[in-house]
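After this come two complexes, each holding chain A, first together with chain B and then together with chain C.
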Partner chain A sequence: MAARAGAAALGIAALVSACGGGGEEVDVDDGNGTSGADQGGGDGDAPAGTLVAAISAQPDQFDPHKTQAYASFQVLENVYDTLVVPDAEGEFQPSLATEWTTSDDALTWTFTLREGVTFHDGSAFDSADVVYSYRRIIDEQLANAYRFASVANIDAPDPQTVVITLSTPTPALLDNIGGFKGMAIIPEGAGQQTDLATTAVGTGPFTLEETGAGGVTLARYDDYWGDPATVEGVEFRYVSEPAAALTALRSGDIHWTDNVPPQDIEGLQDDEEVELGVTPSVDYWYLAMNQTRPPFDNRDFRRGVAYGIDREEVTEAARFGAATTNQTAIPEQSLWYHEYAPFEHDPDQAADLIEQTAAATPQPMGLMVTDEYPETVQAAQVIQAQLAEVGVEIGIEQEAFATWLDRQAAGDYDAFLLGWLGNLDPFGFYHAQHVCEGTSNFQGYCNPEVDTLLNQAAAETDQEARKALYDQAAELIVDDVSYLYLYNPDVVQAWAPGLEGYEIRPDKAINFETVRLPE
Partner chain B sequence: MTRYVLRRLLQSVAVLLGVSILVFAIIQLVPGDPIRAALGQQADPETYAALRERAGLDDPVPLQFVNWLAGAATGDLGVSFRTGETVLSQILARTPATLSLAGAAIVVALLIAIPLGTISALHPRSPVDWFASLSSQAGLSVPDFWLGILLILLFAGTLGWLPSSGYTPFTEDPVDWARHLILPAITAGVSSGSILTRFVRSSVLESLGQDHVRTARAKGMRARDVLTWHVLRNALVPLVTVAGVQLAYLLSGVVVVEYVFAWPGLGQLAFQAVESRDYPLLQGTVLLFAVIFLVVNLVVDLAYARLDPRISYRSAR
Partner chain C sequence: MRGRETLALLFRSPTAIVAGAVLVALVVTAVLGDSLAPHDPTATDVSNRLQSPSTAHWFGTDELGRDVLSRVIEGAAVSLKVGAVAVGISLVAGVLIGLVAGYYGTWVDDVLMRLSDVLFAFPAMLMAIAVLAILGPGSTNAMIAIGIVYTPIFARITRASVLSVREEVYVRAARSAGAGDLRIVGRHVLPNVTAPIIVQTSISLAFAILSEAALSFVGLGTQPPDPSWGRMLSEGRGFIEQAWWMAVFPGLAIFVTVLAFNVLGDALRDVLDPRQRSAMAGTGVTP
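Moving on to the complex of A and B:
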């Protein structure tokens, strides 16, 4: 119900695959962007018109460097560009940068910028805009400043070149600067000259025309550097009630929506009036126990809990089956997937481990969830029933998200359920969560061996060696139950039959550049 | 009269100040931190500290209040933490939608209440009365969201007569504005209408039993005239008060109806402000709601004097 969705989100990150070894020139697809859809250029005689999309939550603001809301990024994805951009497989492709090289010591990255790119206000794009955008995030300490933690310097030796100097090798750099539109390039000085909260000056395929309380309108940008969009514009409407969104889709009021609750999937599969898209996402949901409190500080107790949970049942309850269970973070489709599943559901072993380590029988355990993400509430109810059978008495503590976050930050909880969304590079979803002093390590996990592995992996520029390090770290994280990973949910979207050129993506980026309206 | 209005306005200022202090104090007690809510899980400690300082949240609470009050007195309600927009512009952006919905809903409510209440009072314990009391009971008990979804499925889905949700400004397209308005107005108007129906019924019943009505009848006045001139005129004066309160309630946002119909009104705005602990926005919307109640009450009291010649606000003596 709340408007600010996805704040948990943006777990951040991305795949660095494209830029494997140091000093190596990266293959470049020059010219026309990275369209993934199976469709030719924007020419032809497809019907133009305006695409109407209903999104379930409301953007908070449109300053790409300041917002953290997924709803805002659904809009901004179509308005702004980043230097590089992940494709549907999570590999980084050229966008505003056409190519990049890394020095042999992996500390200097040189980006060549695309020529002939203009901002929506008509001004030309060059390296000064890149420096300005990044400096704005760093110097004003905006929400994404942490992504530049290893960046020592950003220079613009000439208008078409940007050089990023690092203090330590950072293979995740492409994810850090291109994983999502929070790292968008804005024109030099725009932070002072324009009200970026309500207007936008991007380089993307659409301009932000009008923002209102009920929705926003985008118009095709004809001077876009790639193929111009097929549709003349996009109208985003904010529709929170799923029944209203689906009715609007069926009656032709809208063409596309992401407001499809998992429980509706089955009924929609045979519905001829609705085209349903379901694909595994790179999000993951997990349970974490407060390892500064006994008995949750005891590894064996946590392992007992891990044996006591039946992920299939949890997934069925939380997502009506629209998810894949997983004992690690990242799904099978990802480059970084590592098959590892040591915890078979085993109530007897669970009961033994818990009995040996619990402080009381049954052991009480508060489980903090939030109505911001109803699936955490549903999952908690099942987990409560499962753990009751192995000697843990769960008290479900449902909080407003603002309160939830406060309690998490204060360490005022026994256990909680939440997710990390939009995970691309493992640095983004392992490091801050599991190194001893990590800023997102709210559960208080500390294993020096994991620290060593994660720190090595963060700086390892050889892709295979890097994956091997992450695989080892992941096994320890799972074995120690730093996080008790549960499942990767599906992305579920629905659109009008006949809508073409839309690609549903695991990172939930919504891109309408190549979409053609029905008929 | 003028003096009365002035006195009421002065009282209003005191009430508004009281409300502001109360809201400010209560917000401090509610757990949850606006900056953390804006940053989400990813909050980096340095960014968090920088944003808190910039938002003035590290100042002592009384100082924060004085700063806010100084701004509010000059019409500056501050900037929303969440959106970076001024509170005033956000409120203004949503006012037309709320005025449309509240206005239309109260019309729906009165269109239900006056005929239904009057007829059932004229025929107490008849099938009509029985129907009226049953339907007003139902109208009160039916949850808004359920009725709203039902109307959407029927009129937007099955019949396809009306749009399912959303809002078009009147200035943009009056016809589309009206088409979008019908379903939410009915949804919001039904429960108010049910409350008012019962009120009209008892009020008309009471009037019917009064001496002057009996006299009017005895002198041979036609039944319809008795009803119009002697019963309704008296019975509906108190309705103004109750309808005024209902209107103020509708104006301060019907969150559930706004949610179901994707109606960009003030209720949603206030709800989001609470959810994200957006202090300036919450303070601004609550202040506005207080103003709405004060103004509506003042207008109701003044309307009394016009409707009922016995009431006067001329200074006594």
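Moving on to the complex of A and C:
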């Protein structure tokens, strides 16, 4: 089975050399490689040095099991590994596990682990580390514990094997344990022995070196199980101002940034000093109304609001065209996409529905947004203007994100705007947000029919049948306006011309393992 | 009598006339805002966004297609209202504290002035942000926050003047004639300490408007979609490469208004108390 892993690694290497300009360079690489390999700086002809990446936000912490911040995962993506890892198409590929089998009843999954993997502290990786990592998430009830909801047991019969036993079939298991680095494998006991919030002990291509107020530095891990990274290190700098990030990119101070507001896309397309990457993401943005408060608990009122909103205009305002409107959560590019768009922008019907159900005329509605995500502030102002015409008077409540989250958790709001990022499986798109007791069901939605469908879908192993169940559930969720889906944004990133081997991905995972700096 | 004299003197200074004219125009703009604005300042029109200045939109349109000129006009009312109310709060509270502290002296003075010193020790902006963190963002709370921050300045200036006036012969005469504290303060002390307070009011208005702009810039002041110059500046910052007009016009409005209040304050100072000019320099400008 090492063969399969080897093939996968070769695949990546081939991709890199193809991008890097062909076989000639690879030959030179071999010639120079011997002298410099011991120092760990010998990358042959590849320009040695550190890749500098500007990210817009500061990580809150580096414990992969505890953080929920995208900024943290941008760094951790390069430091930790998971058993399986999604490729750019969202299909799961071997990582720390080289192969896996499923029993006939779909209740037992057996993973064979990669040999010869070491953690950054030098200790060897084996099945005990996997069991420890997963048990930590489950037993300490950490943020991602829900991903193990159907897991009955995790066993390590031998050092290279992990067996996961399920209470119900869980086709989304690979996504649950490998969808992102929040499910990373840490060394046994690391939770107690090290301060994972500020340090990191992973198996990934880079080690976490220094963390400071201005940024984070990573160094190449030379004993990495795959091909060692091309660059010597990565420096993440926190640059909150988009103009500053772009200036730094143009002047060569940084090599890569994701701090590109959508309004800059048009101007950057002809800019020769900047390479621009734009691709549809798997994120979605939505409006949710508090269904424990009248009149927002009334389905007809919510449907009125749904008819009153012109998604095209909201999307254009918030994203400058760098997004696709959608009335469901899952984007067009996904194989789980279901075309369903029952709400045409229809102010007359909206006004009728709202007039019949509102508690007052006009109906006041607080709309909570956060400047952490400026597109919510822009979208809110357009929605405010649109709904004013159908009898809803929106009061925009702009909060700091921490306050925003507190109010969401306390149910202290009429409505809010936000997005979900990085989902791959429909379970991630719909389940925890819309089942009655869902951990992310802050809007108080409860439809027993949807519950049944979502629970069936979560355990359905036949992919077609599973998709049919999710499609039905999605239609009900959209019809009931549990979430009022708005759009799927594009990923927008920019890097220095000549930077090679970087792949912009729909799930916004930022991996610098195969990147080569410009000459 | 004295007021007319002051005005006559003030009109001898051309810069003061210009500053005064600008402020009168500003107040008129703020009052007539709705009828002056060519468009609805909050009406969005995304298909018409980021239009450069033209005859239809003199100051162009912003990222949601709103008319920048109408928003600048509407913003004048917001800025002046916040400035006036905030300074009103600090004026009333500060003068009261200063009068009591300066007139009674002893431990009352110590307690009140040390408390002001504590408030004064924090940088003004930090203090305002802290107050807003407790009260929550919004333009009403911004007025309160700015008002609190500027109170100690008025308290100090009033107290300093009261200390000297208190020892004047006419005050002692009034006291020996049997006048009560309230009457002495109201009839004899207060009228004689107004000059520096008026000057400080003018200058504080400038700083209050600037503070409101700064607080709105960081998202703690006026909330969307209401226009405020600081907020427009903050929104325009993200579009500076595509649409300079979004940030430049509100920026100019802040600049002109603050300059006008400052120039007027300076002129008032010259006119009201030329001899104290050097003594006042220290207290007037630093917030």
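Everything that follows uses one rule, which is that the second predicted complex is superposed on the first by the 474 of 519 C-alpha atoms of A that agree within 3 Å, B and C clash if a C-alpha of one lies under 4 Å from a C-alpha of the other, contacts with A are read in each partner's own complex, and residues count from 1 in each chain.
As a convention for this text, a residue touches a chain if its C-beta (ideal position, glycine included) is under 8 Å from a C-beta of that chain, and two chains touch if they have at least 3 such contacts.
Everything numeric here is computed off the predicted structure, so don't read it as measured data.
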Touched partner set for A:A317, first chain B, second chain C, both or neither: second
Touched partner set for A:A243, first chain B, second chain C, both or neither: both
Touching partner for A:E397 - first (chain B), second (chain C), both, neither: second
Which superposed partner A:I354 touches (first chain B, second chain C, both, neither): neither
First, second, both or neither for A:I186, with chain B first and chain C second: neither
Comparing the two partners chain B and chain C, which touches a greater set of residues in chain A: B
Residues on chain A lying within both footprints (that of chain B and that of chain C): 243
Partner chain A, residues of chain C touching it in the complex: 42-44, 46-47, 49-50, 63-64, 137, 219, 223-225, 237-242
Contacting residues of chain B [partner chain A, same complex]: 30-34, 36-47, 50-51, 82-85, 90, 93-94, 97, 145, 148-149, 152-153, 156-157, 160, 163-167, 259-264, 268-269, 272, 275-277
Partner chain B, residues of chain A touching it in the complex: 1-4, 6-12, 54, 58, 60-61, 63, 66, 68, 140-143, 145-146, 197-198, 212-215, 237-241, 243-245, 247-248, 250-251, 253, 372, 400-403, 405-409, 418, 420, 432, 439-440
Chain C contact footprint on chain A (complex, rising order): 242-243, 261, 263-264, 266-267, 313, 316-317, 371, 374, 377-378, 380-382, 384-385, 396-399
